[in-house]
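Notes for the one structure printed next.
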Amino acid sequence: MIEQLPILNLLVLLSTALVIPLFKKRTFNMTLWFGFFTLFFVFISSIVLTYHVYVHGAFYYHLGGHAPFLGIELLIDGFATFFTTFVLGLLILIYSYSAGDATEGISEKEYGRYYILLFILLFAMLGIIYTNDLFNIYVFMEILSITTCSIISIKRKKENYTSAFRYVMLNEVGSLSFLFGVALIYMITGFTNIGLVADALPDVWALYPANIILAVGFMVIGIGIKAAIFPFHVWLPDAHASAPSSSSAILSGIVIKVYALIFVKMLFRLYGVDLLTELNIPIILTVTASVGMVLGSMFAMAQKDIKRMLGYSSVAQMGYIVLGISLFSYLGLRAAFFHITSHALLKSALFLSVGAIIYKQKERRINHYDGIGKLMPLSMGVFTIAALGMIGIPITSGFISKYNLGLAALDANQTILIGVLVFSGLLNAMYYLPIIIQAFLKEPKTPVYMIKLEKIPLTMMLPIAILGLAILTLGIYPNLVMNLIDLAVESLGF
Amino acid sequence: MGIVNLIIVVLLIVCALAIEKMKDLLGAVIVFSIYSLLMSVLWLVLKTPDVALTEAAIGAGITSILFIAIIGRTERFEK
Amino acid sequence: MIEFLQMLYDYVNYLGAVALFIIGLHTVVTHSNLIKRIMGINIMGTAVFYFFIAIGNVTGGLPPILTDTPGEYINPLPSVLILTGIVVVVSITVYSLSLVIRIYETYGTIDQDEIAKINERENADD
Amino acid sequence: MQQGKKRSAVFLFILLFAFWMILAADIDALSIIVGLMATLFVVLYGFDLIFSSQEASRFTFGFLFKSLKLMVILLKGIIISNLQVAKIVLSPSLPIKPGFRTIKQPLKKDLNRTFYGNSITLTPGTLTVKLTDKDIIVHGLEPEYLDALNESDIQKCFIDLERL
Amino acid sequence: MRKWALRILFFMLFMLMSYSVLQMPGDIGLDSPAYNEATHHYIEESLGETGAINIIASILTDYRAFDTLGETIVLFTSIIAVISILRPSAKPEEEEAPTDG
Amino acid sequence: MDDIIVKSITRIIIPFVQLYGIFIILHGHVSPGGGFSGGALFGTSLILYTLIFGVDKAQKKFSHRVSEIAESGGILIYLSIGVIGIFTAGYFLSNKAAGFPLGEAGSLLSGGMIPLLMIGVGIKVASTMVTLFHTLIMEERL
Amino acid sequence: MWEIIKNSIVILSVLGGLFFFFVGTVGLIRMPDVFSRMHATTKCDTLGAGLIFIGLMVWQGFSFLSLNIFIILIFVWLTNPTAAHYIASNEYDEMLASQKESEAS
């Protein structure tokens, strides 16, 4: 029965999304509870799967019982189970936050649709992580891109429309580039299954190098656009800034990480280290990642709107992840995976706490944040923790990931990258610290006489607090997830 | 591979360039529908009737109708 | 020379697909009119599908429907992938068209440059 | 109103079923059963589209006979008109004197009007531009074609059909 | 000026891609690498395994039915997205009317 | 639209287009076509209806509630047929292994679950196309 | 013998169809205004398509396939004049509107 759990997870999420439109509009609370139980069930089942994989090892699921070269197969290994569990856990928090926030700016009639889109989004992310078939990745990627765009544009403001439009155009160019890469791969191998293609590629490389070079180029560019890797990041700040807060947390915290995971899957499972090293891909990635880290932070410094600032910060942080990937070593990948988890937590915490501030104070401009720490101590406290994590102060998870990255860079004999890391950390400090200082040390415009916990709904407060705790816990006991990350890295062939 | 194939490919490229050049969006949509129809004929020549049927119904039919509906609600000329 | 031309003739499907892909990409990147860009996406999409179909082609083959006629069938898998792809591109098109309607209602124009100008003016007012 | 539609519905059912059988291209029990069900569904779903007796002639054998006669006249008209157009187009001087004319039309039922309009479009030198309850605005390549429209064979045929 | 630079860029991209394409396996049909054992299996065994004589249908809804499911979900998502953008946002009289339902 | 000729010809043609769409959906496994093309054809016939008779009348024919049910229902048919495979064969979307009768090749009742899935897809595609068109051309009315 | 007659019928009708298509296209280019163009295209396309389809039907012999072709033929004959009429009708409306405008100014 445990073998059926991955497909059941997908089906449960999908049928939740399908059943919601059949509910009457008045039973909205019921919809919420229903969705919550679904998420909880899927979360539990993915924990069970993680345990199963940890004990018994990875397994394949052949849809329809057909052999992999005929049909589609799902691969459930350490990589897939760890990240699905993580994504689901984070999404439960964001889900309960969104129930309280009422997802600012969305009209009441759209709530149901918002949750439909949320569940389809989750379905697509789980599908992408599980699947082991190139074309199936394309299909899920398209579902993901429509849902992400529409949870931006569901908030009916004009900047949402334009940013969603730009997002959808670039996304589609990326998807079609990816599909073109799939076509080129299919042309010479005749398979779409990742494992079979990977087996066939070394032989084919001698015969048709032009195909493979072109395919690598198209796929890297295609996923690079979607993951906002540095030169293709133009859509990200607009999109993430204009979306509702919970959507921003999902987009910045989870969705671009999922694309990064496809990137990892493609580089390590499909092409393999040897081929890519021959094509000089690692060096190209290292350079773009370093430039992205520095320039992303610099752009972030120039922003006045806090959500745009967080968006540019995401561009810089994707640089860290790509840097870890580009070292093509055990340590590098380990650091990249840890940074994916850590940054997902940090960014969600930042977006959610900022969302709470916007919910209460209706203020997005950074220079109006004087003394907000006294008005909203919890939100601003979590914001502070997460911001310190971004900078890389010890006892937060951000420190551990930077430490690991540094170790990996040293291991790969690229000392200059340490300099880049430190410099980028300094840049981070330069735009996060002023906000914290401003919020806690300056007096608010409306003076307060005693400090009390802010009046936001419990469903919003709880996730924010849990995220803050999680960041600290990961910073102190990183080994809680390190075992699982090791398993994930090992499942990629190290 | 045949001469028909070659002719259709040339026509397709001409249509695509025309779509790119035209300032009148309605005209561009008409040319786009011709483009889809030609594509569907080409796929018929390449012996994939299923795809040709789908492209004729969806690409040439529904997409063009939707484009025309949108142009009716917005502007007709490109600046 | 003749050999080269013969080679071009043999590769006409692939070359045509590549040319259409580039034309579509050019339309998406350079035009500022939103509807034109959506058309560009469509052209790109059909180009990629055409490439797939050309991969599956067998000269003088039969359509992949089993009959008693002797002969070789073409490769059916690309057609299947394309059937999925066509519907996906249509969905994306429809979604972006609905965004275009809203953009026209709020900005009064569907030209990217003008929208950027309007946004700039409003940000300056803040 | 429902009453007037029943006969047309049966006629449509027969036509659609014939269409299905031609498409299916084999005659076995399963195909016939599925075809009957599909046809029934289409007829019931599109019941508001069916012509009532005020809108169309009743479908009898006389109707069939008369419409066959009409077909023959129409075919002749189409061939003649094509030859004329070919003559006009291929002659270097392009001898046309286009103009509009409003002519009266005696028909009352929508379907007959429709086919009358389309027949005018297909016959020599004329093109239906507007069709209203009382009259038709016709565009003609030359005035003589327009003159020929009144009291033409086709009109007589349609008046015959209308009487049914 | 920028326009022409872009055009030249795209033309160079086209030449590059054409050059690569010309080194690919051409339209050699049965000998092409894509026509491998999977294709033979589809053509020879699909009738016995699925019972449909249209091979495309048998792949579409049997061997790769999960893709088709994904594709219907794309349609579902797109319609939800379009409605969420375009349906009138508030209809008070419909929401609160006592006769509703 | 009040043009008699166009209206009458449309009234004649629509049933045939619809029947052709249904035919293509049902014969997806024996001839070219299938759920997508057939559904799109059926949807096109209703789009034609909308163009000729107006949105209001078309929405009476194909209401929001029907479209909502058809959209979820199309996928739910697909899913429930797939789930049968989990219980009988141990794999989602199994066909022969799940015990669907394959029937005689070439006849209408063959291919096991293939026609059923095609019907699900057809319903979904048809309803989606119509609803999309209605939503896109409708002005915002309060 | 029968083969030769059949083939010659097919060739003749297809050639005739092509000739009328050609005439229609030339007419589309040469005619001065929309209405006259509609004359050329409608009539010639109707007969051209008809002749080609009839040729195909003869070539096919009597079978379900040729009946299918016949259905396509009927479809073309129903829709072609309708489309022409609708284009002409809209053009007429536009012409009247522009005349009114020029009178008013």
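Per-chain residue numbering starts at 1, and chain names A, B, C, D, E, F and G are given in the order in which the chains are listed.
Here is the rule we use: a residue touches a chain if its C-beta (ideal position, glycine included) is under 8 Å from a C-beta of that chain, and two chains touch if they have at least 3 such contacts.
Here the structure is a predicted model, which is why all the values come from computation and not from measurement.
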{"item": "Contact-graph distance - origin subunit E, target subunit G", "value": "2"}
{"item": "Central chain (distance from its CA mean to the mean of all protein CA atoms)", "value": "E"}
{"item": "Most remote chain, CA-based centroid, reference being subunit B", "value": "A"}
{"item": "D-G or C-F - the one linked by more C-beta pairs in contact", "value": "D-G"}
{"item": "Interchain centroid distance [CA atoms averaged], subunit A/subunit D, Å", "value": "63"}
{"item": "Inter-centroid spacing, subunit F versus subunit A (mean Cα positions, whole Å)", "value": "36"}
{"item": "Mean-CA-position distance for subunit D and subunit B (Å)", "value": "32"}
{"item": "Sites on subunit F at which at least two other chains make contact", "value": "3, 5, 9, 16, 30-32, 34, 36, 71-72, 75, 79, 82, 92-93, 95, 105, 125, 132, 135-136"}
{"item": "Multi-chain contact sites of subunit G, meaning residues that touch two or more partners", "value": "78, 82, 85, 89"}
{"item": "Residue numbers of subunit C (touch at least two other chains)", "value": "10, 13, 19, 21, 25-26, 54-59, 61, 63-66, 77-79, 81, 83-84, 86-88, 91-92, 94-95, 97-102"}
{"item": "Residue ranges of subunit D in contact with subunit G within the complex", "value": "19, 22-23, 25, 78-79, 81-82, 85-86, 88-90, 94, 96, 98, 117-118, 121-122, 125, 127-131, 137, 139, 141"}
{"item": "Parts of subunit A lying in touch with subunit F, wherever the complex brings them together", "value": "3-4, 7-8, 11, 14-15, 18-19, 21-22, 61-65"}
{"item": "Footprint of subunit G on subunit F - complex, ascending", "value": "3, 5-6, 9, 12-13, 16"}
{"item": "Contact set on subunit C toward subunit B in their complex", "value": "9-10, 12-13, 16, 19-20, 23-24, 26-27, 31-33, 35-36, 38-40, 42-43, 46, 49-50, 53-54, 56-59, 61-65, 74, 78-79, 82-83, 86-87, 90, 93-94, 97, 100-101, 104, 109-111, 114"}
{"item": "Subunit G - residues contacting subunit F, complex", "value": "75, 78-79, 82, 85-86, 89"}
